[in-house]
Amino acid sequence: MSKRENDQSNFANLNRRHFLGGTATTALMVASLGVAVDGFTSSALSAPKRGGVLKAAFAADPAGFDPVRGPSGMSHVVIEQVYSTLMALDADAKPYPELAESFQMSDDGLQYTFKLRSGVKFHNGDELTAEDVKFSFDRLRAKDSGYSYTAQVETIDSVDVVDKLTVKFKLSKVTGPFLVYMAFPGSSIVPKKLVESGHDLNAKPIGSGPFKFVSYEPRSAIKFERNENYFQEGKPFFDAMEYRIIPDITALTNAVASGEVNFSNEIPAKDWASIKANPALATQTLEGSRYYWVIPNNTKKPLDNPKVRQAIGLAVDRSAIVAGAFFGQATAIRGGVIPKWNWGYADINYFGEKSEVAKAKALLAEAGFPNGFETSITMASSFPPMMAMAPIIQANLAAIGIKAKIDSMEVPRYWDEIWGPSKFDMTAMYWLSPLADPDDFVTNNYKRGMAVNVQKSGSPELDAILDAAKQATTQDARKELYKKMQQMSLDEMGIIPLVNGHLLIAHSKKLQGYVPMRTGFLKTLKDSWFEG
Amino acid sequence: MKIEANKRSSTLEIENLSVAFGQGSKSAVVVDNISLKIGKGEIVGLIGESGSGKTVASLAVLGMLPRGAKVVQGSIKLTNDPLLERTDDYRRSIRGDRIALIPQDALRSLNPTGKVGYQVGEPLNLHRSASWAFARSKAIELLRSVNLSDPELRSEEYPHQFSGGMQQRAMIAMGLSTEPELLIADEPTTALDVTVQAQVLDLLRAVRDQHDTSILFITHDLGVVANLCDRVYVMYSGAIVEEGPVDQIFSNPSHPYTQGLLDATPRIHGAMTGLTPIPGQIPLPNKRPVGCRFSDRCLFALPQCASTPKPITVGDNHISYCLRVKELGGSS
Amino acid sequence: MNFLSKFNWIRHGLLTIGIMIVGTVIVAALTAPIISPYSPYDLDVTMMLQAPSADHWLGTDELGRDVLSRTIFASQISIQVALVAVSVGVIGGTIIGVLAAYFGGVTDLILMRLMELLFSFPAILLAIVLMASLGTSILNAMIAIGIIFIPGFARLARATTVEAMQQQYIEAARSVGMSHSRILIIEIMPNVITPLLVEAAVAFAYAVLLESALSFLGLGAQPPEPSWGNMLNTGRGFMAQAPWLSIMPGMALFFCVLGFNLLGDGLRDMLDPHLRD
Amino acid sequence: MLRLIFTRLALFVPTLLAASIILFIAINVVPGSAARSALGVDATPQAIMRFEALNGLDRPLIVQYSDWFIKAMQGDFGKSFQNRVAVGPEILKRLPVTLELALLAFLIANVIALPLGAIAAFRHRKILDVIITTFATILGAVPNFWLATLFVLLFALIWPILPAGGFTPFLSDPKANLIQMILPALSLGLVSSSLLLRIMRTTMLEVLNSAYIKTAHAKGASERVVLIRHALRNALIPFFTVGAVEFGFLFGGVVVIEDIFRLPGIGSLVLVGIINRDYPVLLGSALVITIVVLAANMIVDTIAMILDPRQIHAGER
């Protein structure tokens, strides 16, 4: 298991979407959503205190701080502290108005009008107006913008300034997750005058968020200081924040355990037991939005046969993967890929807890391969969970007669020679959905022609359901369509879902009021404080 | 001017000295029961082919026997100071002070990274606790005394900047720095060409004349012995086979080995008869013939040569260990 | 067989120990499937990170695989890498060295300057850079390490060839009209062999060391293939819970490298007495 | 003397040039494209095109090399593909860490090797010699990364008296810095001390068997005087000449040791460079390490030259 975890975050394609029309919920809603939170005292009791410096540990380097060019997860975790967005997501990824004081959606769902808070200032003192909002989104929609999440803004027809504090978005199509898109770090509002004067936001970001950017030392630390005139009164409570970059996961654990840093939401699963046992630390864990799946190449014989893929899906022992590759810190997926905590969850029990050898063998026989066949699993070598699960899958397949050879190569070559050109029999990958909108869990992998659909699976019917679900007007209608979609995906078995990873969070006991976000983002840090 | 040997007190007296290498059954007696005397201001030659044990004998006197070699019997007295009974520290303290060594290969015997003046003056620093400044000034004097041109400059130079002759003279200067009683010169001129060789020999003779230093001159070159030494000891395979004043040894060689040596040495004067090498080789220490060691190569060997050779006086102070010397009569 | 009986094993102590250790490693590599209690690949997740016990003498790793079996099988990779790397080094080095010496002049100058340059790179840095271009796999590790050895063997081969050429019989052979290649093979090759043999043994040790360093960095043998290097790398992650993961493979690696070093020293003592101090 | 140093300097530049060419070619024949590894899996083709244009990866190799080398000589190693930050300043900031580690390791190696090597030579073939030589042979076979792992296990986990990693700049807190440096420098220095020890023993033996040492004894010098005044200086000359090569090995070890102990030096930067296919970082750090190794060799060589009068006062007058 190699020690480099930094690839996993700068790989993820993060886009933000949320169910249309959710009612605004206050940020401090006490977690009652089945979150296994221990050591978390209810925040309403003790009043928050100013002061202290939060030191958080991360494994990867950010790749720039300009919202339009932030491809890596690590960049977004910085962008969300420095800039603000029209909407924001609460702990359970439900959008609530942030920069926008209020918003109206037209009946046909094609027009959104946002009324901005007044008196919001950028860190350089410029006042934030509708002009900045229009500029920010025109910048994302520009042809050569190089923005990685164009899917979020392609349905925006125009952005018009109604008056100094009002802006109207006209959409070409009904977009279910539009409000969630408005809460995505990519949709941060940038200072128009400053950017037009040639300021490079990538090197020195200037926004209106809770923290001002101070410095970035490559491969070591990013420093922030408190934004005195943040538009939310009294917030944030910390004087400053420091993101420490520790690429070696064991070293990250030691840094958290030794108190060198007082927060991290990237605790490696292998050290979770020792961190939980540490008296000085409060730990929280919740099922996140990073799920792992095996990718059979749907164009390669015999994997082109759905029955063979289903047999493989049934043969895999997900409990062994949870134990062996995740040290118990993951949830086996029994059916659809959308996790239990999300409203798009479809309660389907297709896969068993353990491997179902009999069923799998029967399916193989039906598909014409009673005594199995030879194939290979190619893995990217610097993703520890992949390397750990490869031998487990190999053993499970051997049990039903499929002899799978494992070969691996380091990440850069893997992208180019295996992932890009889909040159593999089977491989495995993971997906991190930061928006926690059902669409974001499924479209990228199941829809044909998507960059991530390297297994070349999917069908017109599946594509149709996906589009319909995205554009349905009510949550219930979308929920029904996603249930149908997930059932269909299991019949097709284009990809084989395995497990959904947990977010492993640990911080000093002094940190109070921190509500972790399912998506792994840290926007709610501004609501927490140090006790004494 | 040759001085009568026995009148003077003897600087060095070696009696029945034996030195052996290795232990137990494998031990080899390299120096076998030799006795030797050097009077004050006398130059004594010790001749023998290489491997005859002459260098080991000199190392025994210096107390620098190599690892694995030790004195088995005999005594060594330096102006009746019994060295073998002294502690190692004492032996070390007199080395370079009362006894000095002049080695064969001067270049390799000089410390390549040390200035010549510094090395020449070192014995004074070691034994006379002289300050380096004093030692250096004395060294310049010494270098001048060994006929080195502009010694002030020379003393600041390094050995590789000296010619062969100059290096040997520096070694002699180094040896003389503490005006030792005994100077052991172990084939000092062998590595030098003839002209430089003569200069070095003159220098040694001058040293003896001015400082009355006794010199033990070890060589395999009879020509040098004839030129320089008062008396000569001829050594073969670890033992002394003949000893006596130089002129007698040359005019009346009284041991077949000495005779053989003379026949094998080209003469400057006299008819250039063909050179007759001595047949065979020196026997290994543990494979020596019983009795007279030369018997296996001697043309005049008889069965009774197997008995232990005894000293037979052939002339004034001239002794030979060949029991047939009378019979073969003088120089045959 | 009288050579073996006559040979004084005690006096050549180093060589004896060296041969014994290297012998054990090679035997272990050859008979790995027979002597190791489990297959290095079969895993049992419920038996994860078990301490050394009766049925798992050296404990189990993070996937419940038997550490002892994997350590034994890992010797196969190390020996393979060392064999290929040293032969690449020896063949490449000898060719360059002998040619440089034999033809002398400009070719000698250029080749030797190049060798000198390769020599000045720290070995691991050169290996890493070569791996960067070749891609990380065991085969590429072998080639990269082999290339690192070429300058050493080239220098050695050149020196011995120059020495051999000084002997008159080369002039004689050339005057008789022997072609360059015949001279090289018949006259020069034999006496280049002895010093190369000594150097090869030491290079073997260094190859094993380098391969495990590369695997330790995640560049050599890729998991799940068992290699001492990547086992130690995994062990690093479980230092607190499973220290045996970091100790046992390292012990085997040390043992193997020591064996080859002793073999090299022993051979040098025996074959080139004048080299002995 | 200056002439000699000048010739070495003159030799330094072409060697450096050749080294940089080898590095550049070796790295650019890379199958994995840097663009995708920097942009992530869903990098659209035109994003890759833009990235490669931005970083000039589409130009012919020769142009890329000359552009890179000229800029590198002015300390500009281009921008890291990963975080678009200039590589030059980062390398400069990390250089002292690597230099400190290599220097400490070299000191430790010499502090062990010089005395033990000399003693082993002095007591040639006696018990002390056998013990020291066996110690060197055994230590020489220990892989430095395993030794580092054992040190961390022993001194940071089982008996936690030393930190298992991290780095505090010497200037800001010398005490903490040195404490952190103990284990890395030891794991690097101990192993190379075994090789230096054998070199010292061989050179010292040669010196002790030489004629001028016999002369020193004949002058009545004590063992101590013989060793210090005569033997040591003569033994150090070949020791440094051969030791210079050993310094290169030390720098190889730096890459692994920095990774284990999380020292922010150039060694760990090389690793970051290769694993993320970040050309500028890999090339920049590899080149700087090579420059430092060549410079170190030259310095150690010059020391050997200064010690040896035969080289300075050339020729017989």
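As written, the chains take the letters A, B, C and D, and residue 1 is the first residue of each chain.
Methods note: contacts are C-beta pairs under 8 Å (C-beta built on N, C-alpha and C of every residue); 3 or more make two chains touch, one makes a residue touch a chain.
Small disclaimer: the values here were computed from a predicted structure and weren't measured.
Think of each touching pair as a link: the shortest run of links from chain C to chain D has 1 of them. Common neighbours of chain B and chain C (chains touching each): D.
Averaging Cα coordinates per chain and for the whole protein, the chain whose average falls nearest the overall one is D.
More contacting C-beta pairs link the chains of A-D than the other of the two pairs A-D and A-C. A straight line joining the Cα centres of chain A and chain B is 96 Å long. Chain A and chain D have Cα centroids separated by 43 Å. The mean-CA centres of chain A and chain C are about 47 angstrom from one another, to the nearest whole unit.
Centroids of chain B and chain D (each the mean of its C-alpha atoms) stand 54 Å apart.
Shown for chain C are the residues that touch two or more other chains, namely 135, 218-219, 236, 239-240. Looking at chain D, residues 30-32, 259, 275, 277 sit in touch with two or more other chains. For chain B, no residue reaches two or more other chains under the stated contact definition.
If touching chains are joined by edges, the resulting network of the protein chains shown has some other shape, matching none of path, cycle, star or complete graph. Of all possible chain pairs, the ones that touch are A-C, A-D, B-D, C-D. Per the touch definition, chain A reaches chain C in the complex via residues 1-4, 249-250, 268, 270, 273-274, 320, 323-324, 381-382, 387-388, 390-392, 394-395, 406-410, 413.
Remark: chain D residues 30-34, 36-44, 46-47, 50, 80, 82-85, 90, 164-166, 259, 262, 264, 269, 272, 275-277 touch chain A in the complex.
Within the complex, the chain A residues that touch chain D are 4, 6-7, 10-13, 61-64, 71-72, 144, 146, 148, 202, 216, 218-220, 246-248, 251, 254, 260, 382, 410-417, 419-420, 429, 444, 451-452.
Every residue of chain B that touches chain D in the complex is listed here, in rising order: 62, 64, 92-97, 100-101, 103, 105, 108-114, 122-123, 126-127, 157-158, 160-163, 171, 174.
Partner chain B is touched in their complex by these residues of chain D: 210-212, 214-222, 225, 229-230, 233-234, 237, 307-310, 313, 315-317.
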